Each structure stands twice: as structure tokens, then as C-alpha cells.
Amino acid sequence: MSRIGFIGLGIMGSHMAANLVRAGHSVTGYDVVPAAVDRLAQAGGKPAADLAGAVDGAEVVITMLPDSPQVAEVVLGPNGVLAAVRPGVLLIDMSSIAPETSREIATAGAERGVRVLDAPVSGGEQGAIKASLSIMAGGDAADFEAARPIFEDLGRTIVHVGGHGAGQTVKAANQLMVAGIIGLVSEAIVLLEASGVDGERGLEVLAGGLAGNRILDLKSTTMLARRFEPGFRIDLHHKDMGIALASARAAGVALPLTGVVAQLVAAARAQGHGSLDHSAVLKVVEQLSAR
Amino acid sequence: MSRIGFIGLGIMGSHMAANLVRAGHSVTGYDVVPAAVDRLAQAGGKPAADLAGAVDGAEVVITMLPDSPQVAEVVLGPNGVLAAVRPGVLLIDMSSIAPETSREIATAGAERGVRVLDAPVSGGEQGAIKASLSIMAGGDAADFEAARPIFEDLGRTIVHVGGHGAGQTVKAANQLMVAGIIGLVSEAIVLLEASGVDGERGLEVLAGGLAGNRILDLKSTTMLARRFEPGFRIDLHHKDMGIALASARAAGVALPLTGVVAQLVAAARAQGHGSLDHSAVLKVVEQLSAR
Amino acid sequence: MSRIGFIGLGIMGSHMAANLVRAGHSVTGYDVVPAAVDRLAQAGGKPAADLAGAVDGAEVVITMLPDSPQVAEVVLGPNGVLAAVRPGVLLIDMSSIAPETSREIATAGAERGVRVLDAPVSGGEQGAIKASLSIMAGGDAADFEAARPIFEDLGRTIVHVGGHGAGQTVKAANQLMVAGIIGLVSEAIVLLEASGVDGERGLEVLAGGLAGNRILDLKSTTMLARRFEPGFRIDLHHKDMGIALASARAAGVALPLTGVVAQLVAAARAQGHGSLDHSAVLKVVEQLSAR
Amino acid sequence: MSRIGFIGLGIMGSHMAANLVRAGHSVTGYDVVPAAVDRLAQAGGKPAADLAGAVDGAEVVITMLPDSPQVAEVVLGPNGVLAAVRPGVLLIDMSSIAPETSREIATAGAERGVRVLDAPVSGGEQGAIKASLSIMAGGDAADFEAARPIFEDLGRTIVHVGGHGAGQTVKAANQLMVAGIIGLVSEAIVLLEASGVDGERGLEVLAGGLAGNRILDLKSTTMLARRFEPGFRIDLHHKDMGIALASARAAGVALPLTGVVAQLVAAARAQGHGSLDHSAVLKVVEQLSAR
């Protein structure tokens, strides 16, 4: 059992915090949206009126926020986590942000005696609800081991992938692959249908061979039916493609497919599909061919 | 049991013909390479001195040849299959060729009373040896049903995907997806390694989530070790990307990712990796970043 | 003055043949469209009832046809040019076709004692009318010199660029650059307008600096006004992008930008803009961003 | 004659400041590199020991710095320009930075009564030396008119392209076009040479037609000779491609070609060509094909 301060009780964070409550931890939560704090209280957590209240007395602080600027502000800002907590606290940022920001936070934490892990997740809202998330963590091995019991209350696949920022890099690699495979499945569907081939039967064969993949398994039915309720929204995947390209830039590598995939996701957003599932990249690909 | 004439006893065809012999069919084989014909004889098949000898008296003719021009010549040429066989024969072309050529052959066959299926396969040499190929067939349903017992002696996933050429279109879609996923896995590896993340652990996480796919399952170990013994050669995949782009052109669709993937495969060939496994696209992606 | 047989009196060929008549040559023309032959007669040329009639007695035969298959049939077919003419004739193919087909024709010509040049043009209908075409010729230097007086009656920039097929390769390079620059100008326009910048003033600056190019000079006004009367049609440029990619394949090189540009042109065609000017690639780029 | 504070006396800034001295302005300069300040003094300017000294008493402050973070710090930082100057000053940022940063600076300036223009330039070191730069300015028309006499002492093409940030957007569009055209010229060269066509003659034809552009005019000779002394360095163009992609993201548009071009420039940098001229993208394109 840990005393946990939890900052960011949105779609993902609310379920994760509730799972931690259920697992017996003492969870004090804060969010800029008061209703989100109320929900946590109903789930058995302790409401905090502000960030300082949430982290006061915490052994572990978890942040689950939209993007790098929010994490930077909440952690590094004048009234942020690092200013508020005592040395010895373990800060686990589970947001998906740029690896560089994670490294900056780790450095700033070290200066104040705060241990830091970056531990982004994949698995979406369903994974958050069912505590079946994949968690990819970067930071020191000892800190990872200290955090493991908490991770096990949140997810199923839990891997320490390297030093500070490594979790974010793996998340970035995950997101570029997911978007890329969605793009390829979209191109396959458009080619099959435009050629007069039954999409369902065609994708069935693809799924059974070397082209087989999780997107085909989970999304081919909805993609063929053009049903795009999220799931994982285009807006979020667009943010993540920005992180992937920024990670490549920071690492000094060139990723030609990722470069194009990012523009397809950007097009999906520009076309107004930001709130649809990321598989709506199909709409971009088929509109290109006026289908 | 069928009387089968088998044309094209190369890496794939030799194993497929031997499996048909083993299954009890009467198989007469021909190849331009005499040693290939001898090998079939040793496996219990009947050697033929020429194409006419192989198809003489056959109920079913199977062709398994490198590319569209060879199939066009062997089937449509002055001394080709259509000129040699009697009406009523079933011609199954199991080569991977352009859908348009398959449609031309079907039309020419119909004019001579020869029923035609296009039935390309995936699964590689191992699939041919183990009779575990995926077979995607295009043509009339009745002809597909007639061919089914033969297909069942050659493969495991056997699907009738549509009319003439549909098998080839599905194969093209398969090949663009496989090459594309190899490209994406390559970009993920380069990003992870350049960021100082352990590739094995990183890919393990990816394989367990929404990015999971057959290439990661089967090839991540060899790719991380930079071992590229084929498998399926770059040269063949380069041919197949040409077919994929030609199929898109014939279908009147634009496939932006496939357009880039095709150039990465072309680069692998230009860099001298034509005889390596298609996963050697990784060498192109890492050379781009001088890694 | 030469006795010229001219095959292919379409949009380009009709003006070119008329210019040769005007320059004093004896021009006998043939086209599958009888009205095109009539028009040449009105312009002072001699009508022929068939191909054999057009090349009978000719010292020089010029072909100006839509694509590789037509040229192959007209030149290499059983009743084609090579079958009809005497040794010593100079065959100048001014069509834009695959370099490989040009090389096949040159080889077939050599076997029959017919000298062959590939001499595709750029400059469009206006260039054909005003005899201001750019002509890029491949073949033997002596044959080029023999053809030069004829070229000078058709165009202004006349360059012998190399051996057989070299003219087509330069044409392919020209077409990939033109389509690519149109694509880049389109992206610039979309970025400027979406950012609230006046397109005209923005492009004015670009045209004055290192980004300056002929497309900006000639087409920025019509592109900004979304006026896309041809000019050079998308359908033709789509054909030419196919030639460019086939040329790259034949040369064993990878062209990543060309790979994407080809798909943008394919999209323009798929979206129904085949009869518009090639600058209508802008419509594809702006539709991607729903503008 | 204006009293000008000039911050940033690097490759570009030093020549620009010297030109302003020569034109009769009173120029006080500051740079973090003391030698740069000394050089300005030798050219007749006034050296300042720090930023505050440079802007003290200035009517106009010009900043010419590497990238967005430096400009943000120098202008918005606690000891920055906005903190140091009196209301009424005109701040002209001539750096090439993200349009969003320019807009933030304009907003912050307005709050303090400081008028702001973004006025990035193109034309390189030669343009700075010869006062022949292209200047693309964003901001209020009255401020632009006030700055015009200064601009005329620095450049030749001087255009007011729109509101705050518009100058940067036009610069971003310029840079994506320049890099893209360099990429296309590179692909043309590789295709020509791999096909056995003389590059010089081939490019001569291209330069004379619709594919003609400033890059071909100015750089084809050095590119064909593989001479890549800068000129404009890959490192800087890599930065600018980041700005172009960020501008597209801010504007909500998808730019597929720019997405690929950015990766080619990134590859040039990854391959160690950061200090070479941007035309060294050719090295990436030819290495792709092992040429």
C-alpha cells in the first residue's frame, strides 16, 4: 500500500486512479476539472483542492496529463510538483510526452532528490478500465522495481525499457507503428474494393499470413463498415505523431514512412475527423481516390 | 485423384508438385531447367521433355512461374498451354503476377473453353514444403470448388476471394502490407537504438500491444541481429511492389504509403541486397541515418 | 527538304506536321482518325490511307503517338513501320514512352538497317504550334545531325542527350520534376492560405528567390484562382509518371519523392481531374486538408 | 537615419549591421561572442557590453538569432528586449523562427507598447553582404512602412506579406520549396546518370523548359561535380524544415511532400553532412541507390 498523489483525472487517469483505490492504495487526486475530482471521491479516493493538496504527504506522485507543456508546467512550474514535494518522493509521469521533456524532468528531479520514472501506457480507455494496460517505463532500475507493485495494479505488460525517456521513446515507436499499420490496412482496403474484391474475404487472407497484425484482428470489421467511434482519437494520435517526429529529430534519425504517415494523420484531423477513432485514416486514403 | 500437368518446378513449384505426388495425384512436370524435372521424377512424378508433354492428357494444369511475362508466354504463346490443351481443362496459375495479366489469360482461356483460376500463394518456401500455404483464388466459384481438393493438398488457408484477377489483387495487397510493416518495424528499430533503448525490450512491448504483428513475431530477433538469410528475397518483393503499384494504377487508386515503401524496397535492391531476406529493408532505413 | 512520313496527327502531331509542311518538306501523314488526315491535307500535306502509304518512299519517318504500346505496335507490329520501310530510312519517334521500349525499337531497327532516334519533346500544344518545342534526342550522333534540320523546324532547344533511350530518360526526368514542383507549389499555397497569408504576395516573394521556378512564373496566377484549363492534362502526366517510375526501375534506382508525387498525380486522376491541367494537383493537396 | 540596436552579429547579422552602418544609421550591436562585437566596432558600429547596452536609447531594435528559443529568451526573458526598452520602440525580428513564436512576441510586445515585425530573409550570406536579401515581413502596415527605409538598406525584394507571423510563414514556404526542388533535382540527376545519360546535357534541357528553376540555374554545375561547400548549410535547412512542419501543424494542414523532404534533409544531417550546402541532399538520394 502506498500513499499516492494523482494529478490528472481525465479519460485515462480517472480509471487508473480508481483502480489504485480498489487495490488498496491511499489515493489523493487533483484535476483542473472539479467534477473529475468529485468522481474520484465517489470511487473512494481523497479529493484535493489543488496540486499541493494532492501531493502533500505522498510517497508516490503520478501525473497523467495531455501533453509535454502541461507536464512541464505541472512538474517544473513555480507551484509544481517538484517545488511541493519532499526529497525521496517517487514521481511517475504516465503521460505520453516528448522523451526530451521526460529527460528534463528527470534532471530537474535529481537536483531536488526526487526520483523520476517516465511510464507511458498503451491500451486505451478499455485498458485503463480493465487494468490491462501495457506500461513501458524509463528510469533507474531500482525506481522501476519500487514502482512495480503500482504498475501491476494498472496493467498487464510491464517492461523496464531503459533509462530516462526510454519509456516515451518506446511509446513513440509504438504510435508510429500503429498509425503506419492503419495506413497500410487502409491502402489494402482501398485497393481491394476498387478492384472489385470483397474486402472481408481479402482481409481474412491477409490476417492469416505474414501480413497479419493486431489492427486487422481488432479493427478490420469496423473499418470495412466505416464505423469509427473511438477508441483512440485521431486528435491524440496526431499529437503522438508530433512526438514521434520530434523523437526522431532528437535522436538524429530520418524516418521516411513515419514522415508520410504523420501527414495522413494530420489530414484526418484537417478533414474534421479529430474525434473519430484513429482507424479513420481510412477516410483520408479513400478520399484521395474519391472512393 | 487428378491428372495434373505442372509447369514451373522452381523453389516453390518443386515442393508443391512433390506434395501433390505424395497426396496421390498423377503429376507430370516440366521446367526449362532439366535438373528440376529430374528431381520431380525422383519424388515420384512423371518427367516431361517439354510443355506439350506435361499438359498432354491433363485434367488440371498448374503454372508456377516467376512473373507476368513468363506466364503470358507459357500460357498464351504459340506453343503455350492454351494452344496445347483440350477444352474442359482447368488451368490454375499459382504464380504471383499482375491482375491484368490474369484477366487476359482468363479471357483467352474462355475463348478456347479452358477454365482458369488465378491462385497465388503466400507462406514462402517453408509453406510450400509443409503444405501450409495461404492460397487466394480468383475465378468462377464452380472452378474454385473443383480445385479445392488440390488446394487442400498444398495449403491451409484457402479462400475464394472473387472473380478473375482477384487472387492476384489480394496477393498484391498482402505484399504491400508485408513490405510496409517491415519498413515500419525498421523505423521503430532505428528510432529505439538511436535513442539508446534496448531494441529487444522495446520490440517486446510493441509486439504485446496494438502494434503487434506477424513480422515482429517472426523476424524481430533476426532483424535485431542483422541476420538476413532468406526467407523471401528482396528481388522477389521488388517485383511484387511493381505489381502492387500496377494494380493500383489499373484500379485507379492512389496509395501514398505504398509509393514510398516501393522505393525503399527498390533501394534495398539497388544497394545490392537483392538476395537477402525482405527484412533487409532495415539496412536501407539505417543507412539513411548512417547507423 | 526531306520526304517525311508522319504517323500520329493528334494534338501535338498535327501542328508539328503542319510546321514541317510550312518549312518546305514533303510530308505524307497518317492517323487512325480520318479527320486528322484531312486536316493535314488542308495544311498542304499529303494524306495517306494507311501506314504503308505514309511511309512509302519516305527518307524520314516520324511517329508521334500516345504511349509505349501504340509505338510498339506501329513500329514493330506485323504491318508496322519496320516491316514497311527500306533499309536506310531514319525513324524518329517523338512520342513520350518508356526508355526500354525506345531501346527495343532501336535494336529492332538496327537489325533491319533502319536508323532510330528517340526524340520526345516538351513545351505542350503551344510549343508545337509555335515550333518552340524542347527536343531531347537519344541515338547515334550522326543520326542526330541528320535529323537536326527537321528538329529546327519544330523546336528551339534541341539537344542530343545520349544513346538510344536517353531522350526518353531526360523526358522522364523532366516530367518528374515538373509534377514535383507543381506539388511543392501546391503545398506552399495551402500552407500560406491556411495561415492567413495572402497567396499572391507570398508567391511573389518565393518567385523572386532561390525557390523561383517556371511553374511559379507561368501558373501561380491560375493556381491561385483555381483555374485549371489545360495546358498539359493530368491524364498525360499520370502516364508520364508511370514512365518515370518504370525508368527508375529499369535503371535500378530509388526515387522517394517521385514515388509520392506519382501518387498525388494518380489521386488527381482518381478524383476526376484527368482532363484538367496538371496544376490541378493543387486540388488534391487542398482536399487533403479539407480546404 | 535611425538609432538601431542590433542583437545577433553572426554570419548574417554581422554583414547586415555593417550595411546599416554604411547606410548612415547609428548602430549599437551586441552578441554573446565578443569578437563579433569587436568586428562591428571596426566596421563603424558601436559595441555594447550587453543586451541592455545595445537597446538603450534605440528607436529600432533588430534581432538576428539562430532559432525560436534564442529569440524567445532574448526578447521575452527577464532581462530581455521587452523588459529593457521603452514603449514606442519598433522591434524587428529578422531571424527565421516558428510563426507561432513570432505571434507570441507580437502579443507580448503589444502589452508593453512595443511594435513588432517579423521579417525573416532569404538570400544567404551573399545576399547579406551585397544587401540584396529578400525580406518578407509580417505585422501592421504602418510599422512595415516605418521599417521600409531600413529594409531597403538590407535587401532588394521587400514585401509586406500579412499580419504577425506571416513573414515567418512565407519563409517556411520558401524553405520547403527550396529543399523540395533540391530533392527533385537530385532524383533527376540520379536517374539520368544511372541511365547512362550525360548529366550536364540532361539538366541543360530541363533548365530550358517547364522544369526550369533557380536551383538548376545556380547549383546544377556544383551538384554534378559533387561540390558542396556552403552556401546554406544542411543544419540550418534541417532547422527550417522543422519550422515548416510546425507551421503546417499550427495551420492545420497536411503536406505530404514536405513530410518526405524533411526526412531527406534529416538524413543528410544524420549522415554527417550538416556543414555542407543544402544541395548535399543529393548525397542522400544517391546513397539510397548505392551510387
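As written, the chain order gives the labels A, B, C and D, with residue 1 at the start of each chain.
Simple rule for what comes next: contacts are C-beta pairs under 8 Å (C-beta built on N, C-alpha and C of every residue); 3 or more make two chains touch, one makes a residue touch a chain.
Please read these numbers as outputs of a predicted model, since none were measured by experiment.
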item: Furthest chain, CA centroid comparison against subunit A; value: C
item: Selected interface, A-D versus B-D, where C-beta contact pairs are more numerous; value: A-D
item: Between subunit B and subunit D, centroid-to-centroid distance (C-alpha), Å; value: 52
item: Where subunit A and subunit D are represented by their mean Cα positions, the distance between them in whole Å; value: 36
item: Residues of subunit C whose C-beta touches two or more other chains; value: 248, 252-256, 258, 260, 263-264, 266-267, 270, 288-289, 291
item: Residues on subunit A engaged by subunit B in the complex (per definition of touch); value: 99, 122-124, 134, 136, 138, 157, 159-163, 165-166, 169-170, 172-174, 176-178, 180-181, 183-185, 187-188, 190-192, 194-198, 201-202, 204-206, 208-215, 218, 244, 247-248, 250-258, 260-261, 264, 285, 288-289, 291
item: Contact footprint of subunit C on subunit B as seen in their complex; value: 242, 245, 248-249, 252-256, 258-260, 262-264, 266-267, 269-270
item: Subunit B to subunit D touching residues, read off their complex; value: 256, 260, 263, 266-267, 270-272, 284, 287-291
